[in-house]
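In what follows, chain A forms one complex with chain B and a second complex with chain C.
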Partner chain A sequence: MNKMQGATLLKYKNYRYFKATSLLMALAITAYVLIRPAGGESYGGTWLGYVLGILSTLIMVFLMWYGITKRRISGAPERRQQRIRTTRSDEMAAQLKFERRKTRRKTRGLSGATLQEWLSAHVYLGASLIVLVSLHTGFHFGMNVHTLAYVLMLLVITSGFYGLNVYLNYPRLITLNMAEDTLDDLLLKIAELDELACTRALGLPDEVNALVLKARHETRIGGTLFQQLSGEQRDCPTRHAVQQMLHLGEKYNQDDQPKIMRDLYSALLRKEKLVLRARTEIMLKARLECWLYLHAPLGIALLAALTAHIVSIFFYW
Partner chain B sequence: MISCLLIHVSRNPQGLPVCKDSVIAGATIQIGRGAACKIHLLDHRVSLLHASVRRSEDGVLYIDGERNATLKINGFIAQSAPLLPGTHVEIGPYALVVEPAASGHDLILSVELIHPLNDHDAALACRTAPVTIAALGLSKRKLGFSLAACILFLYLLLPMLPSASMVFDKWQAGLPVTLNGSWSPGPLAGGHALFEAKCSTCHQRSFQAVSDEVCTGCHKQVGKHLTKEELQVKTFKTMRCTDCHIDHKGSERLVLHDSSKCVTCHGDIKRKIASTELANVNDFAAGHPPFHITLRNGQDVIRVRQDEKDKLVEKSGLKYSHKVHLAKEGVSSPQGDTVMRCQDCHKIKESGRHFEPMTMQKTCQQSDCHALDYTDPVGGLAPHGSEPAVMNHLRVFYSKWLNESPENRAACDSAADIQGITACASDLARKNAAATLFSKNDGCGECHEIQPVSNREVPWKVAPVRINQDWQPGAEFVHAKHDTMGCTDCHDKMNSRSSADISMPAIAKCRECHVGNHPAKGKVASGCDSCHRFHQGVK
Partner chain C sequence: MMSENFKIVIVGSGPGGLSAAARAAEHGISHLLLEAAPHLANTIYHFQRGKPVMAEPAVLPLRSSMSFAAGIREHILETWREELTRHQVNYRVGATVTNISGQSGAFQIKLASGESINAEFVVLAIGVQGNIRKLAVPGEDLPMVQYHLDDPDAFSNETIVVVGGGDAGVENSLALAGQNRVILINRQEEFSNCKEANYDQLMAAVAQGKIETRVSTLTERIDALAPGNFNLAYVAQTPEGHEQIDCHRVIARLGAKPPRQLVESFGVRFPNSDSTSVPQLSEQYESNVPGLYIVGALAGYPLIKQAMNQGYEVIEYILGNPVEPADEALLREKFADVPDIHSVSEGIALLRVNQPLLAPLTTLQLREFMLDSTVRVLPRGEVIFNRNDYSNSFFSILEGRVAIQTEGQNGEEAVFGLEAGNFFGEMGLLSGRRRSGTAVASLDCVLVETPRRSMLKLLYSAAGVQRKLDEVSLKRVVRSCLDTSLPERELDYLVHEAQSKRYAVGDVLFNEGDKADGLYMIRRGSVTVSRMVAGKEVVLAYISAGNYVGEMALVSNKPRSATVRAASPTEVVLLEAVRVADVLGRNTSMRRKVDSRYLKQVRSDEYAPSSESSELINFLMGQGVGEATDVLLIDYARCIRCNNCETSCADAHDGTSRLDREAGSTYAQIHVPTSCRHCEHPHCMKDCPPDAIHRSVNGEVFISDNCIGCGNCQTNCPYGVIQMAVKTEYKKRSVWQVILGTGKQASEADEAETGNLPKKAVKCDMCKDIIGGPVCVRACPTGAAFRMSPENFMEYIK
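Moving on, here comes the complex of A and B:
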């Protein structure tokens, strides 16, 4: 998704969902201010509180339905197909695969809406919950399951806002960083430079050789979640090797070694640049994906908390 | 236009070169991985468009590297170089060598893959750490369902246990954190805090609202709104205690100060109950009738609208002028002129609502005022009491006085025996009482209405005293809350000469500070229950 598509997502059909949710929020705020069903006492148990609560619940279910619709339109993840392959007979798997392909070709959901339309509605309706549910609470908070559901909802929405932000901005940064290269291209180039650097370093002193070998074997691209998100490796051996090569170049400035040293320095410098680009790619992709690892699980947790909230209200009516 | 002969060099199994020629031409010759490139180098290590061969203005051919692409020319990294015969250009794993020129072609280039990708390189590429979050093995579903399971266990299953078994209910009451504490939306009010750990005290049945019987089980003395049982049942059959008394809203709040529920009936009560004497009430500021004043009319109690001025007369049986007592220059007393304040007589009760009843001894005779003295033929002090008691006192007093010395008996015309002295004492008492205590405007008559009656022993009758104690029994006014104001700010008594005057403030006076249900700037919002109580019998 590039910036233009992102902008279309927010402006979908001339801000249709922005207008609709703005109207919804304006109505809710007006009702909250003007209608005082309990003589100024605002809480979820008044009739207006119930209306806001039911409305918010329906919106939440609709928002979660987006997760199912997304899969229906864009296809199930690879993992599901693998599971099908391993658990069913080949014939059944082939049949299912065929059906899956048919489904994948779909660009519209059951309602006829495109995925972009679903997402546009998802974003705006999700944002409107901040207002609707806050009004539903009557701004009463405490250490209880009701506030837990509210906090989970805010976390889901906040992670969603982060996701929207990265989806609008990061594809452009990824393109700027990678141009026409792919991560595999960069990794191959890095491997080649490592090979080259090791070959060049063979005839050089042990100190240089060790530096180059360390840069080859201990430079990590990707790694843990934190390393992926930060796009860095603490005390990166390649960066260390490049810095050290400047000093070592002066130290071993003898006879025929300057050219080899220069070649080696050049190779390491190119590798450092490639490593940086590869890590940046991984960082951007990780940041593009990481929010969903909060958004989706917290969404499921919210559904559980919402269930507990609703049951508790009527259990102890 | 550049005409170029391209010699593709490959090696046979013996390592000997095998050449294949092709001719390409164009204004510029692109080199790269992309299919559009005229020199197409199919390897991932070559960029899509890696370099271009161009002709400069002076006719020399040169190679120009694209942005982010690396060229190695004659062993050196360079971005651009002229393509002279023998020039060795490395693009990724390929080596391009400019061959000596020959007729018919501007440029002859040999291209050879000198660094083929081997398995070792591929293995290195695969040895990198995970490059995506998905590769870390994190599962959104597992995380989500784990969280959901924890929440459902802690906040749904555990809180239900006390309702399932009394054993759990008793056990959890002793825990520092109760199992169903997480369901409580807020602290309980006042004394209900006792049941904080035992929800089943009020929530006796699952999925059923708290019943009125639960409330009245403890609150047995709560009065009904209406005294007529039939009307009470008919009017409030759909209402529950919890409609107005909403708990879990903090320790101070249990009563819902919501006038709209009152207005539901009282806003149009004339239509709903045709026989009612009550007026429709919608809002204190805009839809409240004039106050009614409750008066005593003899033995009866009557209610008079405050705008019916001619009926607003207090018949207390007393003669009293507030103007005289509250004169700025003071009122004469045995201690000299004394400036009196309202509080000297009207002493507020501890509740802050009503005043202590006034008495002759504590109120009127404070500072030795209003002593009931008589003078002729000898002075004395009469008690404040009933007419017979006063007359008895006088008779006893004069009997004693006549018996004290023969000179005193000179005041009598009758015989000096016991009957004569008794008759004389009665006579003196009657004369004296007529002259001082029971005169129309002196003694008792200074404050009381006195009528002569045909009784030989006690020939006067003092009108009964009925001082009004509660002018508005249907409303509740807390004087203590209004102590920032002076008494006369509301009660216009400074110019009242008669005890018949009623100086209760009209509704307009209250509206100077109070508005109704809807807040207004500089005013106090006041709902129905600011003055009225729901749980009291209304007659």
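Moving on, here comes the complex of A and C:
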């Protein structure tokens, strides 16, 4: 590996957020073990329970704010307008020139935190909730809105772990599979090969023609969610055609068209390979994205359950 | 044949020619305006329908008998037509001038039709577009044979023969192929004359049967057919014999003949063979042929307003009327702050006396020079620029004294003073890199600051300036590359007969095993050092301007130990080996420096990069990263393809993303997206009529608001990172809109809404106005996107 490949999410700034959250969790566990506060029916009602609960809620709000930061990383509109106005006036600009360079360097770490930093913090803080909230529950569970919120949170975190896994591992696979091609390139090449195969098959027996036509019209790339995620089509007509061609080649070999058969076979073979690559691409991209469709809505459901949880505890008072 | 007599004949009916003719008509002098094309103002006539025409530079007042303001093409042409009628301008279209002979008072102008016209004075306003090359076969002027394609969508369901395998022909064919049958004719055997992207698209279109091509084919004639299905019969000689293609239309795109040759045949001299050079003119636009005047783009003034002003002025000059040039007021203002200068001519005179560099210039050129420059009056102690700034303007000292503080390779500081009559800043200008020193006014100073473009234009058009500049700057290059404390005497000795050499990308400066011929100071560009390892060329180092190569062999007295190649267009100063050895013998401090570099080099050779890293360097060099100053790279092993870099870029820049993540090449998981590299010598700056592209102090190359949307930069950028876009009212989404998912996202900007609005060039400005720096990097959730400058290559890759 070379230095061009910067730190991963997990290693960001020499494990800064791993260290921070570890410390947080260690503190929480120590407090839980050492301090046995007297309090209400459940642990969450004790003062330590409240502290853990409030802390966890704040962390959750922070985690959700990531979704907003991601879409607004280019800076708040007001501030940018202000900036443009100052640079427009020439005198000011000249005066600010030197200072700007200084501030630019300084602000990089503060208001200009990179999204990677946010995400690194998001991952570790998110994971720490398992500990913090479990402690907050005092390990009392039941069929109620409180436990619902807890379960939802675990689901969100689980989907997050899946996401982290694909984020760390899939990008490399995508590059290996696609090299410099784009999906559109592949589809174009597939269409060309289909055209070629059909032309080649024109003079061949009907059985071959039917096979090629079926491969052309019934091969699905993409398709249903399940097909996308699995990267397969059951009984893929193209693969079928490639397998069948071997038999048919023997069957019709007496005809004087072995070269056309060979051409056709190689075209179908090339197509099969391209189809596989296109499906792999779609599969990898789908898997990279699909979890977000759980992670975000579950997060919102969690927010709702959490609100219900917080409102309801006021009634215990 | 009787030939007609006129006092003034104006050749070319562009803005300059029209303005001149109108002024002559207003004075009631006998005049004739000649235009080769069938329309007046042919270039503007052939702008795309509805194209907005800008009126830059905004500060320059218009002085002409014709009016002109920014507007769409149709409106401008209509106004001009009315005004020509009102002034009763005497013009003739379709009149191609083939020769001008004679002298002031008795010129003879020959037309292609064989006619001859006599004139006392000639105004040449033919621009630089050149004459469109025609087919030169019978039928070349038939009505359905055209040499332009203004609007490809205007034709459908036609059979069209396109002649010409260059970019114009291929682009036209591709644009027409969707709704027409297109046959593309190429004289050559292959389409090797067009850009790669066009070639690829053409081949794809041919493979899909959308375009038919004929290669090694020459046009023989075009016949008009009797009214029926087809209008024309296009006859050509193919390798298989004669072929007739019945078609509706022939579009020939054969390029243009540059006007220089024609102009030279009139006796006008150009200062050098550089393609950008312009003829030398007097203050009154008179060329070296007395009575022959040149205005407009051919004289080096590419903007419409400048040309129109000159058209007006040239007529006044011919009549002997003293006119204050239109720029007089502007120049007066420039000199206003200088205490001892009371008039423009005084200022110009002072410039001529106090800047020997500019002595070879005519007053007209000096005025032009001043118009682009600014006069800066600085109190003692003021910093003019800082070391490592990216500014690239050029400074002439009119009065006072300036101290330059530089820092050598090993961190030792050196200060030298420059008196009035000197210049500085040329190293940043020529190398395109950061300033190598800090300049401070050590007394109260009057400086003239000239922007990069005007200075380069001057260097190209006035050979004398280039030579004078070199005399001083060679020594400075040697001093800053080698040893800042070297005495003047030794410098003189070193640069005596030193050669300045230029290399194109990939050219070899010297090969491994060659005999050492000297020390190479890199003045501009960059080089890679490589060595054959196990039969493979392995890149060891990347060295940029301001450094030197070739010391290894000189110090060790052995043949060259490595091959050095130009990684970008490079200029070096080659110092003779013998002289270097002499100077090294006499100067221990320099000797120590070169030795220490030698040892460093020996050590770093031991840690030579693996062949995989070497391949990566080669790949990046192939992508043009070698000439970059700051390039966006993406580590594809981290990139989750979320395109947040693009979305946030669009969000930060009025809804248009300046980068295309998916396009571009990838090697070993390192991806070079299509995005600006902020080249050392930006290609986009080459030909920008309003000079709207600049480099900021921090190095960002950006386009300012006075862009006229001509698209030259887009064409000139070899990396395809500039796009033409409509500037829209773009509102960022507020927090609430983001939370609720309402409001338009950057990527969803509406295409249809912006159909006919003027477009301007848009490119990456590295978010220079945004706190926190480039958003593409900040918006990457996994840290895959990063920016890098090639100087740090080796650090990164090892």
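The rule we apply is simple: the second predicted complex is superposed on the first by the 267 of 317 C-alpha atoms of A that agree within 3 Å, B and C clash if a C-alpha of one lies under 4 Å from a C-alpha of the other, contacts with A are read in each partner's own complex, and residues count from 1 in each chain.
The rule is simple: a residue touches a chain if its C-beta (ideal position, glycine included) is under 8 Å from a C-beta of that chain, and two chains touch if they have at least 3 such contacts.
Since this is a predicted model, take the numbers as computed values, not measurements.
Once the two complexes are laid over each other on the shared chain, residue contacts for A:I174 go to chain C alone; chain B is not touched.
In the superposition on chain A, A:K251 makes contact with neither chain B nor chain C.
By the touch criterion stated above, A:E192 is placed in contact with chain B and with chain C alike. Touched residues of chain A, counted separately for chain B and chain C, are more numerous for B. Contacts of A:Q227 after superposition: chain B is touched, whereas chain C is not reached. Judged by the touch definition given at the top, the superposed model places A:R71 against chain C, while chain B stays out of reach. Contacts of A:F314 after superposition: chain B is touched, whereas chain C is not reached.
Contact with chain C, but none with chain B, is seen for A:L119 once the two complexes are overlaid on the shared chain. Contact with neither chain B nor chain C is seen for A:K19 once the two complexes are overlaid on the shared chain. In the superposition on the C-alpha atoms of chain A, the part of chain A touched by chain B in one complex and by chain C in the other spans residues 179-180, 182, 188, 192, 285. Contact residues on chain A toward chain B in their complex (touch as defined above): 36-41, 43-45, 140, 142-146, 148, 179-185, 187-192, 194-195, 220-225, 227-228, 259, 263, 266, 270, 278, 282, 285-286, 289-290, 292-293, 296-301, 303-305, 307-308, 311-312, 314-317.
Chain C makes touch with chain A in their complex at residues 204, 207-208, 613, 616, 633, 635-641, 644, 647-649, 651-652, 662, 665-666, 669-671, 697-698, 731-735, 738-739, 745, 767, 769-773, 775, 777-784, 786, 788, 795-798.
By the touch criterion given at the top, residues 34, 44-45, 47-49, 68, 70, 75, 77, 92-93, 115, 117, 120-122, 124-125, 128-136, 138, 140-141, 143-145, 147-149, 151-152, 155-156, 159-160, 163, 180-186, 199, 203, 206-210, 246, 249, 253, 256-261, 517, 527 of chain B touch chain A in their complex.
Residues of chain A touching chain C in their complex: 2-9, 12, 68, 70-77, 79-80, 83-84, 87, 97, 101, 103-104, 107-108, 111-116, 118-119, 166-167, 170-172, 174-175, 179-180, 182, 188, 192, 285, 288.
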